[in-house]
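Shared between the two complexes below is chain A, which has chain B as its partner in the first and chain C in the second.
So, the complex of A and B:
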């Protein structure tokens, strides 16, 4: 009669885990939820990206065809180009603007500063659909208030939302207006975290306001600025709602962002291509975030 | 594209139930107008009472409320069927739910354009609906038929009409009855411009990416064409589309076109400042004069579309929705879901409750017509105030017989529509000719969608 192999005892497992199950039990819910709602969908989408699946019948394995299609598709590259263009119009200017406004709002002697702080946040709280309607009223080519003012000044009307050249800046302005309150909030929090003693010491050393801004405020806000730049960049790459409500990606797909283009595949149940598109965007997001975080770390190490 | 559409297998128990339902239907049919076809009858003695629960999805918003209000009359007829009625964002949720196969409703609202894409998921109702098919608007029966089998229960049709400003035409001395062709329409617009001012842009030309293909398909449907033929072959590079786009170009070149997005703030402003006098659109345009327009409310009227050639067809359809019975419905009660829709759309109690005056629409649902023609015999919604109390019902019904039935949706219609819209916008801006817009769209659709 053959002896049964010895089963590892529960005690041995406990010892191997460091002497107690309790910590693992405590963190288990997170990992279970992460696997169920994070990891599994991610891997499922990855598998889907190698198939032709329109939501009906079984997915058909087609290798890298979806990726090859996207990487050779002019519309895919145009959507990335549109996102890059919007990034250039929004993120650098907005970051600078938020830093300047936050440093003004942080001044203790500014009158009505609570009013201003609230006022800047309102744009962030207003529903996007409502803002889009206002934008349509303001920027309408034939009846918009802006063109009315231009024509009153003897200038020609502009196709703010109807020409590719102007639709992108008009969309960028909407994003800028909508999200600047959030950017200011982050910068304001960063400024308020700077110890007052540094300013007092600088003042004793004869530094004026401008010097204090460049030598104290800005360097100590670097992490907040980098953080905002990263999340704003990711938001621009994934941007969908803003072009959806304002321009529907037009005219001639000139405001079709990377996120909007991805959504179109999902909307029309071209799920395999959509999954491949989402993974290409994921790679892009990871690469951009990595580069930005590396730049931040390099500066910190300096 | 092939579809494996076979009639659902019937067990002996199911068969008995259906025979019983048929008997109940026959009893009701006796009370219906003579034009109503009678469902298959069976001996009343063997009638089991239909019993069970069904989950029905409808598009959230006003239509959900309208349909919700009909459940009481359904339960009067079938007291043992419990309807769990759920308001859902159908476009966002239906396809994924069907693909996942979990918590699938027993019946669902669906836009016609999505029927071919999701056809494999739906129950073949050919045999059930057969007693009614002769009385359903042929166009609607066609879009609910895939691979020769009926898989959708028709809800509405959306006849296209030429909406016009009665007061502006009167001021300019234009007789709407004289507008028989689309060329006549341009001439009428030029007359209005000459009489009332050069700033008038009398003909609405659609600019929104979602609505351009919809209106273009309406123009094509009027000419008996659609984006694809019955074999699924692209028909864009053909005379109907060329004629329609050339006309749009002529309107713009003549300076009589108001290029705006449907009911956008700019569009409403153009309308309420008397710039627009003609709006070729589906019946649901009436929502504007009824609810959105301030200055021009009551001044709008509707007439049949002009013809593309003298004496040509003046009817067309633009949009529409239906109902379908998913095979994977959670309660496995396709027959009960069918009874619900049969009541809703194919019985006088149902369609009168949907289209007649109700709590949601006190004057009735005037934005479409029932697809079931016996319902056309009697006016169901009141004359809209926005149209100066014109009898819109009668006007719209009069065009139904002229709606060409030969219409096919492609499973990839949505993706193609985006491409077409972008090229038509380029054409509107004078960057390409109608021929170039058609050629570019056809090439893009072929390489990026069909031949992938």
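So, the complex of A and C:
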């Protein structure tokens, strides 16, 4: 290499960068959009979270008041509690269920596997909003098909979407219907990735189906299970669309999840508090995913 | 050629194929198929019910929700729906967002993936880490910051607000980089010898080689945009700009407000008709491109 030219020229810059400007041009669109619709909005919102701003007059600096308000606000904690409740109803059930169904679908001589896999996956693809309408009609207290069937069987009608006690399970059932097919697909792919020879060796050693499941299938699926548990947990914390279209967060806030709680701040243009709530939620997501990943990694090592 | 090894259940059941085991096996598999069929019913029934009920009148849906009388089937719901609600605006807006946002994703994400996979340039690894780091940003948390940004730009109720955020997204870049890394370097070297520019390499060599992955990316992108609800419902507050999903979410109230004094059930027929219409494009595409779908969703599941 020759000595660097006294004045930096375009050619020298190109050589310093690795010989070509092309890769920088290729990746530029992502970074432009990220700055415009990611980084800058975040910093702007962070600044606004320390102000009282309702979209009309100039923002007024109020320090940590928004954060203090939220952390002492019963509604904020209630939304976290609702999310925790929904997590309990959704993630453990769905994960176990998916492992069970996938292990049935993976049986070597199963016929119509293609049909079952397809049938289970369709619910994952259809628009949530469309199926939420169906849910509203099926689970209507006065005219819904479900209460119709209950009453035909001599039982009394249930306020599926109108009582706080039932609204959460009804919402959880919608989430289950919508996403468990996807969970099954992930688990099935994981099982099909397990080498057949392991089962053959186990069978020669006299292990029956149940033993093979506990000794081979489950341990080797641990990564897929962990992966699904993490993404499902993050989805539950951020759940927004499902309560929006099914219950509008009600009745009596019973389905106002941590994510959906942001909606009222947007509705009433209390965006300073809303921004503060967004950042508290970010902290929660980062903390939960950090803890889960650490737990799972620790278990991976032994 | 190797001979086929006996599979698990062959070896397991062969030594003791007595009458009793056979009976047990049959009972067991009967229970297995019954369970799997019930499960299929659970997933398919709401969709079938939706489609069938969309041909029933509202009061009928309320009074006989579980029966379907073919002779009483009617297209009234669809007729009323098309007359009462500007559903075509929803379809049109969704189509516009699909075309432009989809084009941006399918054009720029493979390009960035190519740069990260096949070029050595200063800062590449840290820039790529930055791309990955943006995947950690929880989308719901971005809602209020994005809304604020759109307010500043004066972009509330515009197509650019629906199209630009997330159009060139980190996950698609990550996935395309994985796919393009598998393209043999010899192919690219041959292209360079022939005097291809970086863009020429991408267009003439990389894209044709990764066509199956591109198809999967296209399907995944279609699903994401078509079904997207959260950002469109926040970014738009006039009917004129509503996407199909946003329009659908508000349909019941719209129809009820229009028919003063009507029973709520009257709107149901139309809402279910609209839901059926909104579901059809996805189902049609799924039936046509099944294999790509499953491939795409599985690859897409590696997001975390």
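What we mean here is this: the second predicted complex is superposed on the first by the 258 of 302 C-alpha atoms of A that agree within 3 Å, B and C clash if a C-alpha of one lies under 4 Å from a C-alpha of the other, contacts with A are read in each partner's own complex, and residues count from 1 in each chain.
Assume contacts are C-beta pairs under 8 Å (C-beta built on N, C-alpha and C of every residue); 3 or more make two chains touch, one makes a residue touch a chain.
Predicted, not measured: the structure shown is a model, and the values here were computed from it.
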**OP:** Based on the superposed arrangement around chain A, label chain B with chain C as either clash or fit.
**Re:** clash
**OP:** Based on the superposed arrangement, let me know which partner A:20 touches: chain B (first), chain C (second), both, or neither?
**Re:** second
**OP:** Classify the contacts of A:54 with the two partner chains as first (chain B alone), second (chain C alone), both, or neither.
**Re:** first
Subject >> Partner chain in contact with A:144 - chain B first, chain C second, else both or neither >> reply: both
**OP:** Would you sort A:136 into first (chain B), second (chain C), both or neither based on which partner it touches?
**Re:** both
Original post:
Touching A:162, do we find chain B (first), chain C (second), both, or neither?
Top reply: first
**OP:** Considering only the touch criterion stated at the top, classify A:292 as touching first (chain B), second (chain C), both, or neither.
**Re:** neither
**OP:** Compare chain B and chain C by how many residues of chain A each one touches, and report the one with more.
**Re:** C
Original post:
Does the superposition put A:173 against chain B (first), chain C (second), both, or neither?
Top reply: neither
Original post:
Looking at chain C, which part out of 127-135, 217-225 or 253-261 clashes with chain B after superposition?
Top reply: 253-261
**OP:** Name the residues of chain A shared by its contacts with chain B and its contacts with chain C.
**Re:** 55, 133, 136-137, 142-144, 271
Original post:
In their complex, what parts of chain C are in touch with chain A?
Top reply: 5-9, 11-12, 32, 35-36, 39-40, 42-44, 46-47, 49-50, 53, 61-63, 65-66, 104, 108-109, 111-112, 114-116, 119-122, 124, 127, 131, 134, 136-149, 151-152, 164-170, 173, 197-199, 202, 223, 226-227, 229-230, 233-234, 245-246, 248-249, 251-252, 264-265, 268, 271-272, 274-276, 278-279, 282-283, 286, 290, 293-294, 297-298, 301, 303-304
Original post:
Touching chain A in the complex: which residues of chain B?
Top reply: 91, 95-96, 98-99, 117-121, 207-210, 258-260, 264-266, 269-270, 273, 411-412, 414-415, 418, 421-423, 425-426, 429, 448, 452
Original post:
Which part of chain A faces chain C closely enough to touch in the complex?
Top reply: 16-20, 22-24, 26-27, 29-31, 33-34, 36-38, 40-42, 44-45, 48, 55, 101, 104-105, 107-110, 112, 115-138, 142-145, 148-149, 177, 181-182, 185-186, 189, 196, 199-200, 203-204, 208-209, 212, 227, 230-231, 234, 237-238, 240-241, 244-245, 259, 262, 265-266, 271, 274-275, 277-279, 281-282, 285-286, 289
Original post:
What part of chain A is in contact with chain B in the complex they form?
Top reply: 54-57, 69, 73, 75, 133, 136-137, 140-144, 162-163, 248-253, 264, 267-271
